[in-house]
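In what follows, chain A forms one complex with chain B and a second complex with chain C.
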Partner chain A sequence: MQKSNVLECVGLGIDFGGLTAVNDFNIEIGTTDIYGLIGPNGAGKTTVFNLLTKVYKPTRGSVFVNGVDTKNLNTVKANKLGLARTFQNIRLFQNMTVQENVMVGLHNEIGYNLASAIFRLPSYWRAEKKAKERVCDLLSIFGMQDMIEHKAGSLPYGSQRRLEIVRALATSPKILLLDEPAAGMNPAETDELMKNIQLINEKFKIAVLLIEHDMKLVMGICEKLAVLNYGMLIAKGTPAEIQSNPAVIEAYLGA
Partner chain B sequence: MLFLSQLINGLQLGSIYALVALGYNMVYGIVKLLNFAHGDIIMVGAYIALFSLNYNHHPVVAALLTVGGCTLLAIVIEKTAYSPLRLAPRLSLLITAIGVSILLQNLAQFFFEARGRAFPADRLLPTGTVSIGDATVSYTSLLTIGISVASMIVLTFIVNKTKLGKAMRAVSEDTGAAQLMGVNVNVVITFTFAVGAALAGVGALMYGVRFPLITPTIGAMLGLKAFVAAVFGGIGSIPGAMIGGFMIGLLEVLVIHMGYSGWADGVVFMLLIIVLLVRPTGIMGRNLMEKV
Partner chain C sequence: MQKKFVIPVPVRYAINTVLIAFFLIAANSMIQGGGLGRAQTAIIIQIGYFIILAVSLNIITGYLGQLPLGHAGFMAVGAYAAAIFWRYHFLPDTANIIAGLIIAGVVAGLFGLLIGIPALRFKGDYLAIITLGFGEIIRVLIVNLDWLTNGARGLQMPRSVRYSSFLVVYICVILTCIFIHVIMKSRHGRAILSIRDNEIAAESCGVNTVYYKVAAFVISAFLAGIAGALYAGNFAVLIPSEFDFMMSINILMIVVLGGLGSMFGSVVAAAVLTYLPFLLVPLAEYRMIIFSLMLILMMIFKPSGLMGSYDFSLSRILEKIINFVISKKGGKNDAKV
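The block that comes next holds the complex of A and B.
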């Protein structure tokens, strides 16, 4: 295995009872790739994300993050290893503020103990101040630093999606998994999101794996694509190769 | 000023209920468990305080031992009884909680005897009274209210301003998402039990001062009343537990003052039925309707 791959799946698969949801899924993602995962509804794309982040335990195959086998890791440890994600159906902490949502992402980075917090020792204030600066820094990617006191649940839909990305970024990932980041966004918002994903990719030098149905976005920013249908990889390659691949056309058009 | 002295009387009782109800609501908010053993942890705390004070410990030492003992007991219960059932149906967890409650009561009867023991309240808090206007109020009433409110302020600070508090709220809203953001849920759950039990420890001290006769079953009724307070305020809600506790305390004192002291418990449980019929989510409760 090459050292430069941040994520590598070998023969990954999972069965739910008798149903094979994902089978023989192989992928190699380099440290700064923007990789797209596409496929018709129900193809198993989100299941792949759940396998990568250890929400599901794979029936077969392995996932390597930075060369480390994640076989015996749980969700929390997979996150510490560098996997962070967003959700297709937004799963922000709705009743917490924007700032607090990002702070939860920073959870493992904030260094102070409870005693120093209760007695308001200087180490608490220093850590809180540093964390707050980090929050503003991250939010400024999307120009959201003025919203820190808003309740996450009261934000407009597009902002909620952006906040999810910021919260995931706060965990200092090596690879960011985005599950339909442009869902429900209008064309102008999608264009901006494309730029932002590229910016994140360059600024933080991290890989991005994204599930998306918006072909303009996918073809516009992904260097490589993988196509999933009925849980099987049917094609991998550059956007141009995928667009002319007969198996992909068949899967999408049912011809 | 009978009104003022009864008001303070009710607030004193209410602050005890509120402290206990907070433990219920914090645990429910995180693991969706009605921890029926919570009242019995307070009973154990009351015994710790009683023995410690009879042993002529300094009141501060006795208080620390009580709070520490309750916290430790809750962590042990969580690790041995509840933690193995993390993925089991919620009903199994509820039945386990009832089992733990019965176990604690019987262990207490075995070790501490079933007879009532006098709680040396005068060694814990200063006795005496103070006059506010025409009303005469005991120091212990004021101290109970003060200590309880101070505990609640510390709790509010922990929940809102510290990273573990934020993690607690995150886990309570969406456990899965919190885990995916790197929050270790087991640590958060243990921490929640520990904080709830520390408040229970404070509650045990205050209970002993107010009702200085300790038996192995005092936790049962106290736990039930605090449960009513928790439901009344909104199960799972921290401010709800505080409001619910104070309301129940005031209601009970009001009923007793009107001359129906035999009805005090009945009225409290009647309130539970009314709340469940009219507004099952309680005063501050979140809407149970889920988006489809």
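The block that comes next holds the complex of A and C.
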């Protein structure tokens, strides 16, 4: 187990009844990598995220975060260990404001107890004030700090995706898992998003694991790529290596 | 753009405290002075504990997004806990009343913990059925634990003390509303709301959903227990059949009518739905028909309830007015320049 890897999967796999959705998935992600996970629709990419974050219990294999085995952890504890994610089918807190959404991300950092809240002790005011400043800082990455009072559900699609990233960042992750963050965005928005993902990676010094089914999108920003097809890893390597890999070309042309 | 005027927190708290104190003192002296008839006073007291019942159920249905059908069970637990305690009155009156209310809340809260931990593993219909079953079990237990509760004959309340006076009931109402408000406007409240909106996302944000579900359930039960004690204190005899399934449904009806997730809505609806039967006394036989019609019409024309998710805030209204005035003035000045 190398210390410099923030995430490591060994022989990870899951079956749904008779269907093997993911099998023998191995990956090693360094502390500041931007890693791409690509593959055709239905390849098992989202399922990998659900395995990493313990939404699903793996049938086989292990996941290590900073060298810690996550075998007995649930989703909440996986988050506390440093895994934060966004969702392909957006899962915002629709009826809460943008600010409240990000503040849920800050939930554990804010930290005051029930009594502080009930009696409005100084620790409450201090933590809330600090949290609101943090929310504005984080939202400013995407220039969204003027939207704090908006209901999350009323935002345009692209902003909802960006808000999900901000909410995930608010949990102070060591690795950010982004599930098709550019889905539904136009080329200009996508371009800006990719730049911002790079910015987040540099500014917060965290790793990013980026799911995308459009191979071209991730070529520009990922140092390394892993390719899934029918739940199997068919290739790993630099973008150049992946582009010329015959198995990958076949998977994409076949799909 | 102009900087918005915001009322500072201490001022906001001061305004609210003064208004609440004024309301309590004025209303109380009016009642004491006989300004309201006995019947009217009785209705107002009844509205009081229904407000607490509704806002406490609203924590689960409105904020947590689950549907329990056993709220009358927690109310019954609180009512009997207080009544039994009050029968052995050994404290001075005021302390006695306060102790009884706290005991009622704590015992009901313990029941909430006991039921909540297993029940909250289920959702939707299952949770509804389990809590419904709990409510019925409590009622049957009360009927059968004769030595403790005097069974179906009913438990005599001590005559000497006026437990659920206007002041006691409405201090409880106000404390309850403040209690819920300060929890909901905190990281704990946001955690509860996030579970309602998306449980998986909440967990992914590090929110311990099991803890907050149980906590919401316990708080809700605790408050329902206090309402139960106030209910008990309002009657000469406590009868178990009052705490049946229909009671739970009535409370739920108040919450739905007021608007899920709106505390202000629950308060208004509790007042309306408690007062209405008295207005409808001549139409007593049609009461349930009228209620059902109201609910059906509501679901058709305003499914989010009377108030939707709107919550009343005096300071927000004041801020709006002040900002409006400022912007008018600012506009004039701009015109001059």
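Note that in this section the second predicted complex is superposed on the first by the 252 of 255 C-alpha atoms of A that agree within 3 Å, B and C clash if a C-alpha of one lies under 4 Å from a C-alpha of the other, contacts with A are read in each partner's own complex, and residues count from 1 in each chain.
Note that in this section a contact is a pair of C-beta atoms (placed from the backbone, for glycine too) under 8 Å apart; a residue touches a chain by one contact, two chains touch by 3 or more.
As the structure is a prediction and not an experimental result, all values here were calculated from the model.
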| item | value |
| --- | --- |
| Chain C versus chain B on the shared chain A, clash or fit after superposition | clash |
| First (chain B), second (chain C), both or neither touched by A:Lys129 | neither |
| Which superposed partner A:Lys195 touches (first chain B, second chain C, both, neither) | neither |
| First, second, both or neither for A:Asn79, with chain B first and chain C second | both |
| First, second, both or neither for A:His107, with chain B first and chain C second | both |
| Touched partner set for A:Lys57, first chain B, second chain C, both or neither | neither |
| Which of chain B and chain C A:Ile118 touches, first, second, both or neither | both |
| Doubly contacted chain A residues - partners chain C and chain B | 53, 55, 74-76, 79-80, 84-85, 87, 91-96, 100, 103-108, 110, 112, 114, 117-118, 128, 131, 167-168, 170-171 |
| Complex contacts: residues of chain A adjacent to chain C | 53, 55, 74-76, 79-80, 84-85, 87, 91-96, 100, 103-108, 110-112, 114, 117-118, 120, 124-125, 127-128, 131, 167-168, 170-171 |
| Touching residues (chain side chain A, partner chain B) in the complex | 53, 55, 74-76, 79-80, 84-85, 87, 91-96, 100-101, 103-108, 110, 112, 114, 117-118, 128, 131, 167-168, 170-171 |
| Chain A-facing residues of chain B, complex | 154, 157-158, 161-164, 166-167, 169-170, 173-174, 176-185, 286 |
| Of all residues in chain C, those that touch chain A in their complex | 9, 179, 182-183, 186-191, 193-194, 196-198, 200-209, 215, 261, 309 |
